[in-house]
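Structure first, then comments.
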Amino acid sequence: TSHPSKTTVTTTVPSTITTTTTSVPLNTSNPQDLMELVGLTSPPSTPVTITVWDSYSTSENQAFNQTLAQFEKEFPWIHVEVTYGVGVGTSQFETAAKADQAPIVYRDTSDSGGALFASGLVLNLSQYLPPSITSLYLPTAIHDWELNGSLYGLPDDINYIVMFYNKKFVPYPPNTTQQLIQIAEQVNSTYHIWGIAYGASDEYGYRFAAWFAGYDGQIFTTMNGQVYPDLNTTAMVEALQFWYNLTYVYKVNYLAPSTGAGGVEGQLFIANKTAIIFDGPWDLDAYLQALGPNLGAAPLPVVSQTGLRAEPFIGSTGWLIASPQASGASPLQIKAALIFILYVTNYQSDLRLWNIAHDIPANAQAYNTAIAELNAGELKPSYLNSIMKGILEQAKYGQKFPNIPQMAYYWNSFHEYASEFFAGKISAQQAAQGMEQAFVQALVQNGLLSSINLPPPPLPTLSTYVLILSAILSPLVIDRRWKI
Amino acid sequence: MRKDKLFSFFYILPILVVTVILFVFPLVYSVYISFTNLSLFHFFKYSFIGIENYILIFKYGYFNTLLINTLIWTLGSLITMMALGFFLALILNQRDLKGKSIFYAILILPWAFPGFISLLIWQGLWVDPYGMMNRLILPLLHLPPVNSLTSTKDAWIELIVTNDWLSFPYFMTVFYSALQSIPRELYEIAELDGASTFQKFFRITLPSLKRTIAFVFITSFVFTWNNFYPIFVLTGGGPGISTETFIVYAYEEAFDYNNFALAAAWSNISTLIIIILAIIVIKYTHILDNIAG
Amino acid sequence: MSYVKLEDVWKWYKNKNKVTEVLKGVNLDIEKGEFVVILGPSGEGKTTILKIISGLLKQDKGHVYLRGKIVDDVPPKDRNVAMVPQNYALYPFMSVFDNIAFPLKVSHTPKEEIKKRVVEVAKMLRIDDLLDRKPSQLSGGQMQRVAIARALVKGADIILMDEPLSNLDAQVRVLAREELKQLQRELKSTIIYVTHDQVEALSLASKLAILHDGIIQAYGDPKEIYNNPNNAWVGKFLGNPPMNVIKGSVNGDSIIIYDYRIPLPERFKGIVKDGQDVLIGIRPEDLFISDKGVLEGEVAMVEDLGPYTILHVKIGDETVRVFEKSFIRKERNEKVKLDVNVNKIVLFDPKSERNLLLLTGIGNGKK
Amino acid sequence: MSYVKLEDVWKWYKNKNKVTEVLKGVNLDIEKGEFVVILGPSGEGKTTILKIISGLLKQDKGHVYLRGKIVDDVPPKDRNVAMVPQNYALYPFMSVFDNIAFPLKVSHTPKEEIKKRVVEVAKMLRIDDLLDRKPSQLSGGQMQRVAIARALVKGADIILMDEPLSNLDAQVRVLAREELKQLQRELKSTIIYVTHDQVEALSLASKLAILHDGIIQAYGDPKEIYNNPNNAWVGKFLGNPPMNVIKGSVNGDSIIIYDYRIPLPERFKGIVKDGQDVLIGIRPEDLFISDKGVLEGEVAMVEDLGPYTILHVKIGDETVRVFEKSFIRKERNEKVKLDVNVNKIVLFDPKSERNLLLLTGIGNGKK
Amino acid sequence: MNKYTLFKIIRLLISYFILIIMAIFSIFPLYYVFMTSFSNAPNLISLSISDLFPKHLHLTAYKELLSANLYGGNFPLWVRNSLILASSTAIISVFLALITGYALSRLDIPAKKILAIFIYIVTFFPYTATAVPLYLLFAKLHLLNYIGLILAYTPGTSIFAAFIAKLSIDSIPSSYEEIAMIDGLSRFGAFLRIVMRLALPVVVLTAILGFSGAYLDFALAYAFLLPNVKEWTATIGLYYLAGLLNPASAPAYNIFAAGAVLMGIPLTALFIVSQKMMTRAYSNLAGVKQ
C-alpha cells in the first residue's frame, strides 16, 4: 500500500534555490514579463475589472494594501475590486458561486482550494501557465497546490505549528517526548503552573496530525485504488493515549477548551501559567508582546517510543482563480487574474508579508531573503531572530498537507471521537475505531467511497423510544383542567 | 361587499408576500434539494435521487442521538428559563415591593446586550478551572465545578444555564406583563374566601396565565429547538456529539461537509418534527384560537 | 349589640407624595340582619369602606368590630365575611360550579359536601342549570347571581356587596333588585350594600348611610332621611329628581320666596328668627300645579317621562322642578301657579347648609 | 324631502358559518332638524343602524339616502355626518383640544381656523377651561361634552349619537340630558340618537323609532306611541314601570278582568266583538287607588322610590304595577281597590299581540 | 398585626435577596465585557479574581477601534450604517406586524384563521436552513443590499409581533377608528394615526425586537454586504477589527469588547427607556376575556 498523504514528501527545504532559465520570462516582478507570461503583448484598449476576495488578517492586509497600490500603478488597465474580511474555507465561496457571485480571484488554504478544484469551481492553472512557474516557489509550498498533476493555485505563505515555550520555566527546548514529560513535570513541581496546555478536546485533528505522524500513523491509505481512511491503527491509539497520559496520568497537560492565542491555551501561555504550547506563527505577535525575550520556539519533539519526529502539516495559503463557470469571467479577465495572482505572490509582495506580518514566504526568492536576514540577525528586536529560526527549523520536519477532497471529512470524524476519548467516555481503541468508521461513513454519504459494507447502526434502546414517545404524547395527558 | 374583502386582503398581502419569499420559498427549495445529490462534488450538475438522503440519515445518521439531544436542549432550556422568568415576574409583581423598575432595568440587561458577545463571555466564564463560574461562583454556592469537556452532564448544565441567562429576561417580561393584567379583585375575593398564598397561586395565577404560558411555550419551543448559536459557540456539540442538536448537525453537514442535500434533509426532518409536535399541541390546547381567530 | 361597627375610621392613600384623605372618621353601627345601603357619589370611598370591613385594606386610624369583637388585626380570611365585588370578579377560567365552590375548596371541605352545598345555593338562586358554563357565557344578571352564590356558599352571615347591579341593563336591574330584596328576607343575613344610585338605595335599604366628604352624612331610615335630610347636600343628592333648594327669608310666620309668601312650617316655628335668611328645601313631589297655588312661575321645560312629568318652573331667578303624574300637562312658557305641601318643607342654614332642625339639636333623623 | 332615509335596509352578520340577521328591512324617514331617538333593547341592532348611516358598515340590502342623495357607495369620510360613539372614543393620548380639533386637522384646515372653531365649540359646551386636559382627567359628563364637541366642530348637520349617556352616573345623566336638549334647540341639526333607556327616549325625542326583531316597530311622536302602542311588546317596553298587560275578555260594553268588570273604552267599540278574548294594556299611572275602584287586589310589594311609589297589586293570577305619588301609602298584604282611567286603556289581540285599533286599520299612531 | 407584618417583612426580604442575586447574575458577564474593553491585552478569561478589579483602565481598545480605517470604512461609519439598517428594519417590522395584526383582528378575510396558522407554522423552518436559499434568491433579484437585508430581517420579528398586535388590537374598542373614519380619515389613515398609537406598547416592543435583531445580526449582513467596506455594519466591522474573521490570527477580545460596549449602549438605553411599554406589551396574551 502506498500512502497518498505521504507520496510527495519533500520536507527538506533547501537553503537556496536556483532559478532555472527558460524561454518564457519568469520575472513576476516585471509588468511586461507578466503580460507576456499570460500571452498579452500590450495592455488591452479597454480596462478590465477583476473581483478579489481577500482573506488576509488585519496585519497581513497592511502588506497586501501596499502591494495592491503598487499593482494598480503598474497595471492601470486592471481595476481590482477587493472584498475584505472573507473567511477561508469552501462554504462562502460555494454559496457565492451558486448565486453567480463568485469572485474571479480568491485566497484560500491549499486544502480548501483542493476541494474546490476537485469540484470544478477553480481554474486549472496548468492550462495557462508554463510548468516552470513552480520553480518560483518553495517546493513544499507549491506541491501543496497540485492535485493529480495539475496546479490550481499559487502560494503566498506556508504555515504549520511549532513548539512555543517560555524560557522563564523551560531551560532548553525538549527534543524528545521523554524530555517533554520531564520538563513539564519539573515545571509543574517547581513553578506550580502547567507544563503544557493543549486543547486536545477542541482538536479537529490539525495539530494532532503531527503526533499521529510521530507514532507512524497516516490519515489515508489506498485500497483497491480507492483512498481509504487509516485512523483505526495502533498509531492512533498510542498517540491518543500519549496525550491522555500527559493530561490524566502525569497531570502536566492542561486540557484547554480552546486553542490558539485567543483560546484558553494561548491565554494561559500569555499569562505565564503554562510553559509550553503548540501553535502556529500566526499567533506569534500575541506571544511576543506578552513574553518578549522569554519566548522560545522550536520544532516539535521526537516521539521517544518510535524515534520519529512529530511532523505537523505543512500548510499553505495562496491565490486561486475561479473557473469561468463559477465567476462568469471573460478570457481577458482570466488573464488579468493570472497577472494579479502572479504579482501578489512575487518576490516583493511576499517579502512584504514577511516583513510586516512575519508570514513565512512561499516565494523562493523571498524565502531566501528571509533566511539571509535571519542568519544576519537583522530582525528587530534581536531575540526575534532566534525565535524565527526555531520556527523555520520546523519546516524541515513537516508532512504534506493532504489536499485531496477526502480530507474535508477527516476533521469532524476525528473531533467527535477524540473529544469523547478525552472526556473519558470511551477507550482509545474505541475512539480510533469510531473515528475511522465515522470518516468512512461521511465519505460514503458524500459519494467519495462506494461499495463498503458499513456496520449496521446501533439500535436505539427501548428507553429511548419511551422517552421520545412520551415527549410527543405529553400534551395529550395534560390534565383536563389545563385545557385552554 | 366584495370590494371590501379585496381591500381587506391588501392588509394581509404584505405579510403573505414576505412569508412566501422568506419562508415558503426556502422551504420548497430545501425540500427539493433534499431529494437531489447537490454537494460540492455535484455542484453544477446535480440530479434527482429520491429519498436516498433520508434513507442515509436513518441508516447511518445519528437520528436518535440528535433527537434526544434536541429534546434535552429544548425542554431543559425552556422549562428552566420559563420557571425562572415566571418566578422573577412573581417577585416583581408584588405590590408593596419598592424599586421594581430599577431591578427590572437591571434584569433585562442580558436581553438588551449583544448576544454574540455575551456568548463569548460565557464561554470564558465556564473555563475550568480559570473561568469565574468555576473559580468564584460555584465554590460560593458549594457546588462542584463544571467542565463541559469531560462530562456530558456538565456540558448540558453549561449550555442550559447560559441559555437561561440569555433568555430569562424575555420570559420575565412576558409573565410580568401578563400578571399585571390579572384583575386584582380576583385575588381579593379569594383572600376573603380564605385562600392561602399557595392556593391563590395555583388556583388563580396559574390558570389565568395558562394561555400566556402555552403561547410562549410553543413559540419559544420552536425558537429554542432551532437555536443554534449557544451550542455552536459553547460546546460545539461536544464532547463527541453528545450536545449536538439537529440544527447544529445540519449546519455542520452544510458548511463543513458541503453536502447541501443532506443538510437540507436534516433540516426538513427537524422542522417536520416540530411541526407535528406543534400541531398536536395547537389542536389539543386550542392555543391559537384567540390569537388567530 | 352591634354586629358590624366602624369606629372613627380614617383612611388615606399615599400616591407619589400626594396624600388623599378618603375616609375622615367614619362611624357606623349595624345591627344583625339589617340591610344597610351605603350611598354616595362615585369615588367617595364606598369601596374603601367595604375593603376595610373585609380586612383587604387596613384603616389608618380607628377600629373595626365584627360581631362585637375588635378585628383590626384579623386577616380577611378569618373575618368570615363574604363579598360580591363591584364587577363580580368571577374567575373567568372556572366553570360556574367551580366559582361557587371556590371558598369551600380552599378550606378543604370534602367533595361530597361541596357538591351538596353548591347545588343547594345554586337552586336557591335559580342558577342550578348553569353550573357547567363559563362566566363569559352568562348574562349580566346571571353573573350577579353567581357572584352572590359564591358569597353565600360559605355561610358567612355578613355579606358585603359593592354596586352589584351597576353593570346591568336598566330593565334587568329592576328585576335583580326585587330578587335581592326577597333573598335577604329569606336569609336574614346582615348585608352591607354599596351604591351610588338612589333608586337602588331607597328601594333596598332597611337602613341608609350617606357617605360624602369622608364621613357618614346621615344614617337611618331611608324615608326619614328622604323627608328630613341633615343638610342641603343630602337633600339634593337623595331623590331623583333632586330636592329643590331655593333661597328665601323668614318673615314672621311666613317664608318669603322671591315675591311670594308661604306659611312657615309648624316644626320650624321657634327655631328660626324673624328676618333670618334660609335655604328652603322642597321635594319636587311636594309642589303641585294648582290654580290656588301660592307660588307663580313660568314653565321653562317639560320633561314628559311617561308615567310622570317633570316641569321646570322658573320662579324669579330660581328654577324648581315639579313632579307630576303625566295626566297634568302644561306647555312651555305657560304661566303656572304652584301649591306647596308646607309640612314637608325643610329649612337649611344658608351658610352651613345644615338642616335647621338638627342645628339646634331637636330631632336628628332617627325615629 | 327627507334628510336621512333608510329604505328596506337589511343586515346580517356571518360568524363561523352562522348567519345572524340583525336588520330585516328597516325603513326610516327623517326630516331636517328632527331629534329622532331610536329605542330598542340591547343587541337589537341600534348601533348597526348608526354604522350603516355613517357608512362604517355596508348594508346587505336596501339603500341609504342622505340629504336626498343615495350614498350606498360613499365612504364614511365623505358622508359629512358626525358621530358620538357609545363609549365616546376620545383618543386617550390627545388633549381635549386635540381631540376636538382632530376632524379639522385631518381635513387640513389652517391652524388659525382650527383654533377659532375649537374654542368656539368648547365655549358653547362650557369645556373651554378643560382644553389642556387629557381625557383620563375628565369626569364622565365632561367626556361626553368633549365627544359632542368633536362631533359638532366639523359643522356636519347630521349627528349620530350612540347611547352617549349610558356611561354616566344617574345624577349626571339627568343634567346631561337637559343640556343635550337645549343644544339641539340651538343648533337645529338633525340628530339621530340611539338608546335602550326609555326615560331618555321619552325626554329627548321629537320623533321616536322603536326597533325590535330587526324592524322599526313604531315610529312617530313619542307621546302618541306611549299612549297608543302598536303592540303589547312596545307597550311593555316603553315606559318604566312598564305597561301592565293582562288577560281579559269583552262582554258587551264591558271588559271582564278576572272577577271584575270595567267599561269598554269608546274607541274600541265596534272594533271588538262580544266574547272576544283580549289583552288589556293599562299604564301603571292610569291605575289609581280609590275606594270607589272597580278592581280589587292585594298589595304584594311596595317600592317606595322617593318621589313616587310603585305598588305591585295582585289581582287574581296577575300582578299589576300601580304608579302613585308617594303621599299615598299602603302596606304589604293590604287589600286595595283600583280605579282605571278607561280612556287610556289599549286592547291587543291575544294572538298577534297587535293593537286592535291598528289591526283593523283605524288610526295608526300618527296624529 | 405582628404576625402579619413579620410575614410581610420576611417576604420582602427574601424577594430583595433573590432580586439582588439575580441582578448580580445578570450584570456579572456584562461587567466582564466592560472590564475586558478597558484592558490592553486581548484577554477573555480572567485568570485570577484580582483581575476582576483591574488597577488601570486602558483606552487602547477604544482608540484602536475608533481610529481604524479600512479604505474609507471605519467603525463610526459602520455603527451609523447599523443604526440606519436597524431603524429601517424596526419601522418596517412595526408596520408589517401592526398591519397584519390589524387585519387579523378587525377585517373580514376569508380563511383568516388558516392563513394565520399557516404563517405561524411556516416560521418553524429554521434560519440556518433558510439562509442559503435566501442568499441565492436575493442574489438573483439583485437584492444583496440594504433593502434585501431589511426584507430578510423583518418577518422574524413581525410575524411573532403580529400575533401580539392582533391581541392588543382586539382589546382596543373599534369605535376609535370608526370615529376617525367619520371624521375624515380613510381606514388606512385611521390605522396609521389611531390604531398604531393606541397599540403603542406593541409598537414599541416590535420596534425594539426588530431593531435589535437587525442591529446585532452578523451572518446575514456578512453574506449580503461583504463586498463593499463602506456598507459594512458594525458587527461585520467589529468581527473584522477584532480579527475574528480570520482563523489564522489571534482575536483581539479587548477590541471586540469595546465594540460591544459601544454597540450595546444605544440598545440598552432603548430597552431601559421603553421598559414601561415592554411590560405592557404582552398583557393581552393572557386573554382575560376567555
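Order as written gives the chain letters A, B, C, D and E; numbering starts at 1 within each chain.
Note that a residue touches a chain if its C-beta (ideal position, glycine included) is under 8 Å from a C-beta of that chain, and two chains touch if they have at least 3 such contacts.
Model, not experiment: these values are computed from the prediction.
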Smallest count of steps, each to a touching chain, taking chain A to chain C: 2
With centres defined as the mean of Cα atoms, the chain at greatest distance from chain C is chain A
Which chains, taken as a pair, are joined by the highest number of C-beta contacts? B-E
Calculate how many whole Å lie between the centre of chain A and the centre of chain D, each centre taken as the average of the chain's C-alpha atoms. 89
Between chain A and chain B, centroid-to-centroid distance (C-alpha), Å: 36
Return the distance between the CA-based centres of chain B and chain D, expressed in whole Å. 57
Within chain A, the set of residues that touch 2 or more other chains is 98, 264, 268
For chain B, which residues are shared contacts with two or more other chains? 4, 123, 127, 130, 183, 207-208, 210-211, 254
Can you pull out the residues of chain C that are in contact with at least two other chains? 75, 92-93
In the complex, chain E residues that touch chain D: 173, 175-176, 178-186, 189, 193-194, 197-198, 200
State the interface residues of chain B toward chain C in the complex, per the touch definition above. 183, 185-186, 188-196, 199, 203-204, 207-208, 210
Where on chain C is chain B touching in the complex? 51, 54-56, 75-79, 81-83, 85-87, 89, 91-94, 102-103, 105-107, 150, 154
Residues of chain C defined as touching chain D within the complex: 41-42, 169-171, 174, 178, 196-199, 202-203, 223, 226, 237-242, 283-285, 301, 303-308, 323, 325-327, 341
How about chain B: which of its residues touch chain A in the complex? 37, 39-44, 56, 59-61, 64, 67-68, 71, 75, 123, 126-128, 130, 148-152, 207, 210-211, 214, 236, 238-242, 252, 254-259, 262, 276-277, 280-281, 284-287
